[in-house]
Every structure is written in structure tokens, then in C-alpha cells.
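One structure below.
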């Protein structure tokens, strides 16, 4: 498949540019019979919508989703869901000055090299607006997962150097601050840090953490479609993400086997683990513990400081990027990370149903 | 596709268990006309072969590869390459005691949950021997890449807490120490650390770094098949890997836009970057700088200390894993990381050839 | 991939129901730099539009296509093309009476069995209107092919028992009769036949033939992605098609090797064939001769005669299908067959570019 | 995927050339828990083995299959099945004279054009021996289907002009004649016809019919992965097949809607059809009636008569193909058609399990 599709059975295809008439997604393979309304999808889209705080772009977009197919009498029909969000605030004149030169940290140069030219208006296909399609699909996947008791909690673990210690997490705070941090004090410190960044016409990055509970054991397909491998593809396919780790991740590399192994024990009739260094994945399959992943997000490349760069006819130049930009995209990317995780898990849950002949027999007899 | 295949045009399908008669791989889509011999593949396999140092398992395997199809008169024919390595040292009695209980840190429990039972001999399909197929395919991919001037350098960046500072890298040292570290002094320190681990019947992890030079600009497919996203899937599909980062990775999340952006400049007629925080990827496409990735490898889960665990009929128990195990798998995993990177890049190089109508016109006219 | 996507590099995903707000398609992997306008696509859509003759449904649809993404400054950008056609004439009350019973020859019963319920308005996803997305994508594929000198000619070979003898073909007639037959006399006979059918509240089928010229030699991928195999999937994925043949097809099965083999000879520097029993495919690859395929289209299942059938709660009943229906869909299906063939060939042309290492070397050096 | 793989969840990858050391197949995604032995697979392979009658090649191959992975304690494990058949009778000197010229009706020319050169020994990858991998995989698929009560019956419907009338079918005769015809008298007439062909150094084709009973309703995925579309790809991917039809096929194109529609009725609680013109497929999904497909097989292109052709350096020449060839491949292709049908249905049965949210709920709760 060309690169705009993702998933084997629950397949998501996004389309659309920042400054075209609309952005959208087609979801194919969604099971029939899931209650679905535009309002439910809108809840997810509103989490990534610009203009929710002083730290996000002033671009004004209603980002109202329309369901064009795949729902009948309030339920999914099993046929493709086509979801569309019109672009309403397309000030393309803002971008004319970057038409001929390559913004550092952006894909202008690489797109020109690959395609011979590019839609230079607002990043075109590489705009953050492309993630609208992902989030709309993520909403559908999340509703599907919720019917099975699977729940995703996603939040900002750090902004720049301000990191919330895991011991102080309070999930009830996540939606009570515009940075989606699980601790209001650290959220305040992060806001202060961001204000300084903005004063200096600079930008910040951060780390997003996603915890998934209720996963059945055994989800994921060996060898190349391991649960963690597929999540890694999904999460690194998000524009600004530069790294992912599962469970203890990079810290595990400095640990010892004796402390990194999670001991099993029996509780009731359940196999449990005393610790969760594995982050809920063993051998690429879910192990019944909460799945924990972290995504490293780089600082927004669009800054208003003058930057050295080149033009597409090979001249050195200095560029000042104006226009509307987020000093940090981490808070808006929280729901994007959650969406990509939800889509991945929905897909692998479906594939897993055929792992044993007994399952086929029960189904067909 | 079920999980044992990887790649769109350059497709790799591995098969085989630790204690079956053989392990192998089918490579489909390899272009015709590449000179290829078993000896060239053997060079790669020998890099992961057990028994190269005191830090690897005593299992004795010749790991001699046979080419069963796809080569005629010393060149690839464009038809599938079938590569097979016999398993010669299958002491399956070693493993009988773990038949009924779940080894911590291994996939015993998750495989039983998924498939209803498992091949308990030596990890079955989750054995490190599965990577033989990957390395054989990686050898072919690397030869393909070399014909295009693309070169991969892979090494051990850290073992446990012993990390080689980037400023002290000397690539000429990599193949002069059994840990494949780019600095002999640090390699010695790492060996000392490992000896202590072994004395304590414990195991260690580490970080592997891979640097790819000579990549054309524009490789990768937006949106979901980004170069870094595909590499992330590829690398996390390796058994013990718990994290990946590209360029500055997690460190970038604490950086500022002004310092993380890589300034462009013109040298000769080339677009160059003054720094490489991006690790050679912008917008998911290669940017002409060396691609830099790091993989976090967890400590080998097989240790000889007694461990708490459960049996598959739901009893708590204590397990002592005996048998032949590596105290650290990082050195042998170096070539596996390189192989997965090479396979991914070969695949995306091929897909990229159709990005412009001009390319089709030149090709067909 | 779930079933609404088709193609490996040139990937088409259709969505939409007969009575939803719109019908559409996403084309991913279309090379950058192809001049493309809505008008060019409209030409193809107009060929399948209802109301062109007395033999097609009275449903009035403008079927005006909109390009929502993937084109910038009049050229494709290499990013997904999203094409949308609003449904304007959705008289869903026409269909209320078939809500609870299964129309013979339609997919009502099988969809209910698969999905638990169905969008019963006008066939929902199984409506002929689904082919709008295919034809829009076929237009793009055809424009791509035309830039390479590849041309498709498609026409009605037979309607019911009225078959145009190959010896009397006159391609200039194809667009001069509403049945798209390559002979005006036979077209008249077919019209007479159809009038009788209509008087008897009955319907007819026919055979569509497609001839593709200008194909380079070697297109198609052994083993399962052979050119003819892929065309067979593509053509049989069209609702009413019940058979396909390539070249002499079923007649070849009664022939002798000595007469069915096409002798090669040299003309100029070209390898030519004295005959074309193979229909332009040898070993699943294009052989330089015109590719010839034929699709058998069954009679329209919607007829106004009373028919025996059952309700979805298990009662026998008699059904009279009213509403607007084509007495024959063959003429409107001509452009659908052409579209599916064009999409398939565009896809395989792209894949073929990587068959030799020499090609990669030329491309990247 | 490159062309040697087929299937989404039940994935088959074949490899191997006529004159290499071995031929094989990897089956990925086969559910765990199916009892499987080499003997069971051998039964299928023996049906395509050469030397069963005077009408097949004198090439002597034991075609003994080995299971290299994926089975433990007599059952499939859910991991890839690797099946291998050694090539034992590789008289490559027989083929040296065709090294430099293109055999009419074969893929020599098209392979040279695509890959730059070819393995000219016995057809290389285009040899009929490639189907060994398909048949081995088909055996596994058939065993899977049999556990669900799905059964395939495949036979020779016609040889050259000798066609068994459907009204005279006696399935008990199929395995009582070397042509696998369902009527011994017609089998005798076909043998007489073939003797004449052989005396004239000529070859014959025929039609193979496959009937599948026990299929659940609703198998197949709209739109492009329809059951009949996928079967069409599968069957036309077999070397010598030039056409396929489902149910009434091409005859339906000359029929009327009133006679081609199959009336539904209720029997017990089952929805039944009074006729089966549809061949068991409605809207691309199985409709509960027996699935009926027919494949047109061209005459064997290898004949001993002198034929006009060209050399690969562009000279006209006359060729006499010697070596060991079947005067008709239809009987040996019967099991290949059955295998491809079985593989396709196994794959689509698995995909179908996720069509409703209710199915996921039952499975996971």
C-alpha cells in the first residue's frame, strides 16, 4: 500500500492538505453494529482543535466532522466510514513567503526532492492538520475498544525539562489543565516555561505517555506485527515524534535481568505480574498488564527567530517564519498519540480472533 | 499479511523454530541481476553466530546458509530467494523442565494464551534463532544497498551503565572487540561489567546504534510509511528491543526549537545541514544527512537465579532456568538491527522510484 | 486490507452508499506531476451516468466530481487524491417496500447474513453507484497511462444473444450508439432486443470487451500478481460480472497446442507474434501484443415481474421490484470495466520498475 | 507484497524453480491446533505428481514433502508452516537447446524482457513445478476447511472438444480415471482424443470445474475482495488458465433476468434457492448454495512439432521442443485449481469473523 493507509483489517486511509477544501479519512473494516454519531467523533476532534489555550495556534477552525458513509440508523454498517472535516480558515497568503525556501526542521526540502515540487501552503500534506483524519479514526477505534472494556489514558508527561514524576500522577487532573498533564503543579511550572519560550520566540517539545488497560492477553502477531512493533510504527508516523519506548524502555537497557524480569504469580485464577517493567508486552504480545508507551515529541520547528536556510534554487538565505504556530504541539498531540494507539489495537484485536482452530470452529458451528 | 512477512516490494518472510529441523527466510521482490553467493550471506550470519566470545551461549551451531532458489549463474533472478539454515544442535531435553511453567520476561505465557499451547523447546518461534532469517535477508538487502553507495555502520553504544561517549567513537575498533563497541577502553569496561553480571548469575542490556550514509534524499512514504515509522516497526519487531529513537530522540523533547532545528546551507550544489539533530529524517523522508537510530535492548531474561513464577495449570512456583544462555545479547543483536534497517531501506528505496510521473516516463520511453 | 481498497502502489479506496450524502474514492500513490482537472475526470463519469438513453435508469444524478485533495496548481502532488460526487437524487421512499425482503439476484440476503443488518436503501453499498469511485479513479489511471502511450478501447461485444462478430468491428462506431457497440447494425439489433425485454418487464446481460495497446513487455508480477490474475480480480469485483477470459479464453480450452501457440518473428528489431491467441499475456506478463479481455455481465436482477422470495423473518412471499432500474447495465458498465483495467495496469506498471538492479542503479545514480 | 505471496490472514508464499535444489511454500497465519502430518499433505501432492498416466511427463519426481516448521506434537502451532519438496530429477541438459530462443506459448520472452535474463532450465520459476507449493498449501487449507464441514470437489469437465454433460456427472468416477472426469465413458472418449493428439505431436486443453459445499453464508469482503473476485485472481494465477466463470458465467450474459435470478424460499428455517445460476455467490458473498467455478486451461504449449520463433539476439529460427512434456496438463491441474480455491476460502473465512461487533464481544468477553 502507498503510505496513506494503515492497518490490515481495521484500515485507515487519510487524505487532505492544510489548505485544500477539506481533510478526511476512510475507515474500512470497522465491524457492523457499533453505535456511532458525529458528536462522538467531535469529542475527540475537539481535543486537538486549535485555539484551546494561549499555547496553540490562533488559526480558527471549527473542525466539524461529517459522516458521509458507513452509518445507517445510528449504527456502523460494516462498509467504509468516510469522515470529512472542511477547512474553513485557509489564509494561504500567510505562506507565500516560504514558497521558495526550505524551513529548517520541516519537510519542505525533502518533499521537493521526492515529488519535484510541493504544495507549499501551510505545509500541505505534512501539516499537523493531516492528523484530523487520524483522530477521527481514533475516535471510532476508541469506541470499539470501549465496548470491549479497553480504555486508553493519555497525557503529557513532560514539557521541555518539566517532567511530572510518575509517583505524583493524578489522572483526574489531566483534563483540568490545557497541557493535559496529570499534575496541576507541574502543569503550572510547564506553563511558566512555555511563556518564557514564547517571549524568546522559541518553542518546546515534550513526552506523551499512553496507558492502555483492559487488553486481553495475546494481542499482537509474531514476528513483524508484534504489538509493540506496530505501535512503534503508528506513533513514529506522527510528524514530530522522534522516539518511542515501551515499559521501562531505554532505562531497561541499563538494568539487570534480575530486576527487569517481572515475576508472575496467581491471584484468583488470573496470571498476574508483580511489576510491569515490560510495559504490558512480552514477546510482542499483550501480557495482561497495562500497556505503557511514551513518545518523544520534538520542539515545534516553526519559530519566529531568524534562521539560516536555503532557497529551492540553491541560494543561502535567512528566513523568518511568521504565521500562526503553536509554541508547543505536545498538548494537541496527546489525542493523536491516543488515536494511533487505539487504531493499532483495534486492528490487532481483530486479527487475533483467528489464532486458534477452536475459535473458527466455535464461530462457524 | 500475517505477522511473519515484512515489506511491500522487498518482502521478507521468516519461518522456523529453535528446535525444528531448520530456520529460513523467503525474500520476494529482490531485483534481478545482483551477484549473490552463500559466502556473502554467511559473513552476516557469522556476526550473530553463537560462541564467538565468552559472553554468548555455548550452543554450537554452524549456521551454514543454503540458497535454495532465486539465484542462477551467480546472480539473483528476480524470483524468490529461499535461504535455509539447518538447526544442528538441538538439545531439546535441556528445555523439558520449563515445559509447564512460564519463564519471567519470556513469551511463554502470552503464546499459551494466544495459541492454546506452545512449542516449549528453546522458545520455539520466539527464540533468538528466528533472527537468522532476518540476518540472511539483511545480508541480501545490504548488498543491494552497497551497489547504490548506501552503507550501514552498527555498533554497541552501551552495555548496562557503560556507554561510549559519541565524541570518542572510533569505528575502526568496532570489529576489534567481541562486544562490537566503537572504543576499546569502553569495551574493556563493559567486559568487566559483564563478568560481574555473570558471577552474580545475572544479565545485562544495552543500546545499539546504527548510522546509515549515502541515502538519497526523499526516501520514505508519507504518512504511515514514513522512513522513521517503518524503521521503528522493524527495530521493535526484534525480540528484546524496548525503545527506538531517531537523531536526538528523547533528548529532543527537552530541547528548544531554536537549537533543535538544523540550519540548511548550500555547499557546491548540495543542500546541506549544519547539524543533524533530525538524525537524517525530515517529515518522514530521508534528508541527505546520515540516518542515526538507537535501539534499547533489555537484559536477557534467561538468568540462573531462582525466579518466582507460575505453572500453566495455575500454581505459584520457583523456577531456575538452566541451559545455554547469553548474559547479554546486545553484541549478537547488532547485526540484527543492521539487517532490519537494511531491509526497510531497500524496500522504501524501491517504492520511492514511482513518486514522479517524470520517472515513469523516463523508464518506459 | 479490508475489501474497499485495491492496488499495491497505485491504491484505490472507494466509499459510499447509494443513498448517503455522497460517494467517493481516495487514490493513494499516484505519481506527482500529472496534469489533472475535475473536467478530465468528468468525461469518464459521464460515460456511466444514468439517463443517457432509454435503456438506463431514470434516476437523475448530475454526478459532478469534486477534487478535495492531491492537486496543486493543476498537477497531482503525489499525495492522496480525494474525489467526491454528491448524491443528489435520493428518493429513498422508493425502496421502503424491499426493506424486509430479499430481492432475488441481489446481495440483500448475503449482506444481512454477514453484517446482521443492511442499509436497504437502493442497495446501499452494493448499488451500482459504488462504481462511481472506481470510474473516477479509472480516469486518473487512464490519464497516467496515456502519458506513456498506453490506450484502452472498451465496448459492448454482445447484448443478450446479439453478438458483434469480431470481423465486423468498427471502433469509430463505439461512441455513436448508446450501447457502445463497435457496429451500428448490431447495435440496432441489440436495441430491438432490449425493447422486447422491456415490454416483457425483463432484463438482459451481455459481454464487454477491452483491448489495451501500447503496453510495454514484462508487466505483471509472478506468481500470484500475474497481469491476467490481477485483471481477473479487478473485473470480477464489478457487481454483475460472472466471468472473464483473456485472449481466446474458454475457446482455447478446446483448441490444439499447434494452433493456440503464437509464433514469434522479428520485425525491425522488435519481437512480434503472428497471432494473438494469448491475448497479450504470456506467463502472466504482458507480451507486447494488444491485451484482450472479455467480461460476462449477467442480466440486471431488478425486474418488475413478480418474483418468489422470502422475508428476513423467514416467510415466503412474492415481490414486485418497482423503482428506477436499467433493463441492461452493460453499456454503463463499459467504462467501469475500462477503469478497473486501467487501475490494475497503472499499479503493475509501477511495481515493474524495480525488477532489475540495473534500473535501481540508473535511477539512483 | 511482491507477487509470490497470496492472502491476507492465511498467507501463502511459494518459492523455487524447476531445476533448483528444492521447491517450497511458507504458510503464515494458519490457526493453531490443526492436526497435520506430512502424509496428509502428500495425498494432495500425489494428485499432481508426474507419471500417473501415459498423458503426463515422464519426469520422475518422488515429490516427497517435508515439514520444516510450524508443527509440534502433531498439531499446527500458529507459527509459519514451511513445507519443502526436493527436486530430484533435474536433467538440465535436456533444456540447453532452448537457452537462446523463445518457446512459443511460454514465458521465455516476457521473463527476459522483465528481468534481463532468465533461468532457462525447464521454465525456471514458470515451470509447472511451482504449483507444488500451492498444492502443499492447498492441502493444509483443505484440512482446515474440512474441520468446518466445507468440502471441495474438483474434476475435469472437458478435454479438448470432449465435454461431460452436467446431467451425466457421477462424482464417484472422478478418481477412477486418470483424467479425473466425472463420467467414465467421456473419460474414454477423451483418452482417445488425447492419443490422436499425441500421435500428431500436438497437445490439448480443457476445462476444470470446482464445486464447494458447506460454505457459510456471507463469506467474501465487498468491494474488491469479493469471494468471486478473489477466486478469479487465485485461479488465473495458475499458469495455463485463460478464463474463469462463476455459476452460469458467460452463458448468463445471454440469459434473461427472469430466468437468471434464483428465487428464494424457506425450507425448515433455512433460506434456500430454487436454482443456482449465481453459482453460490451474490454480491460477492457466498449465498449458501454450492459455489461453482470453471477454469479454462489452454493446450500445453510444449509440443514436438517444429515451430517458428526467434532467438534472444533477434534472429528468426525454427524450434523443436524436446524433453518431457504433458500432452495435456488438465488432469494434473485439477488439484491445483482445488488448492487455490481452498486457500482463498480459508483466507476469507478468517477475515469474515470480524464483520460484526457482536462477534468481537462474544470472543473477548
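For clarity, chains are labelled A, B, C and D in written order, and residue numbers in each chain start from 1.
Keep in mind that, in the parts below, a contact is a pair of C-beta atoms (placed from the backbone, for glycine too) under 8 Å apart; a residue touches a chain by one contact, two chains touch by 3 or more.
Protein identities per chain, from UniProt: A, B, C, D = Chorismate synthase.
Keep in mind that this is a model prediction, so the values were computed, not measured.
Minimum number of contact steps separating chain A (Chorismate synthase) from chain C (Chorismate synthase): 1. Taken together, chain B (Chorismate synthase) and chain C (Chorismate synthase) share the touching chains A, D. More inter-chain C-beta contacts link the pair C-D than the other of C-D and A-D. Of all the chains, the one whose CA centre sits at the greatest distance from that of chain D (Chorismate synthase) is A. Chain B (Chorismate synthase) and chain D (Chorismate synthase) have CA centres that are 38 Å apart. Chain centres here are Cα averages; for chain C (Chorismate synthase) and chain D (Chorismate synthase) they lie 26 Å apart. Centre-to-centre separation of chain A (Chorismate synthase) and chain D (Chorismate synthase), using mean CA positions: 44 Å.
Residue numbers of chain D (Chorismate synthase) whose C-beta contacts span two or more other chains: 1-5, 8-9, 14, 29, 32-33, 78-79, 114-116, 125, 222, 351, 355-356, 358. Across the interface of their complex, chain D (Chorismate synthase) is touched by residues 1-6, 8, 14, 102, 104-107, 109-111, 113-116, 125-126, 130, 158, 160-161, 197, 200, 202-207, 217-218, 220-226, 228-237, 239, 242-250, 252-258, 260-266, 269, 271, 274, 278-279, 282-288, 296-303, 305, 307-310, 314-316, 351-352, 355-356, 358 of chain C (Chorismate synthase).
Chain contact summary for the complex, chain B (Chorismate synthase) toward chain D (Chorismate synthase): residues 1-5, 8-11, 13-17, 20-24, 26, 28-29, 32-33, 66, 68-70, 72-73, 75, 77-82, 84, 114-119, 121, 124-125. Chain C (Chorismate synthase) makes touch with chain B (Chorismate synthase) in their complex at residues 8-9, 29, 31-34, 76, 78-79, 144, 147-149, 216, 222, 349-351, 353-361, 363-365.
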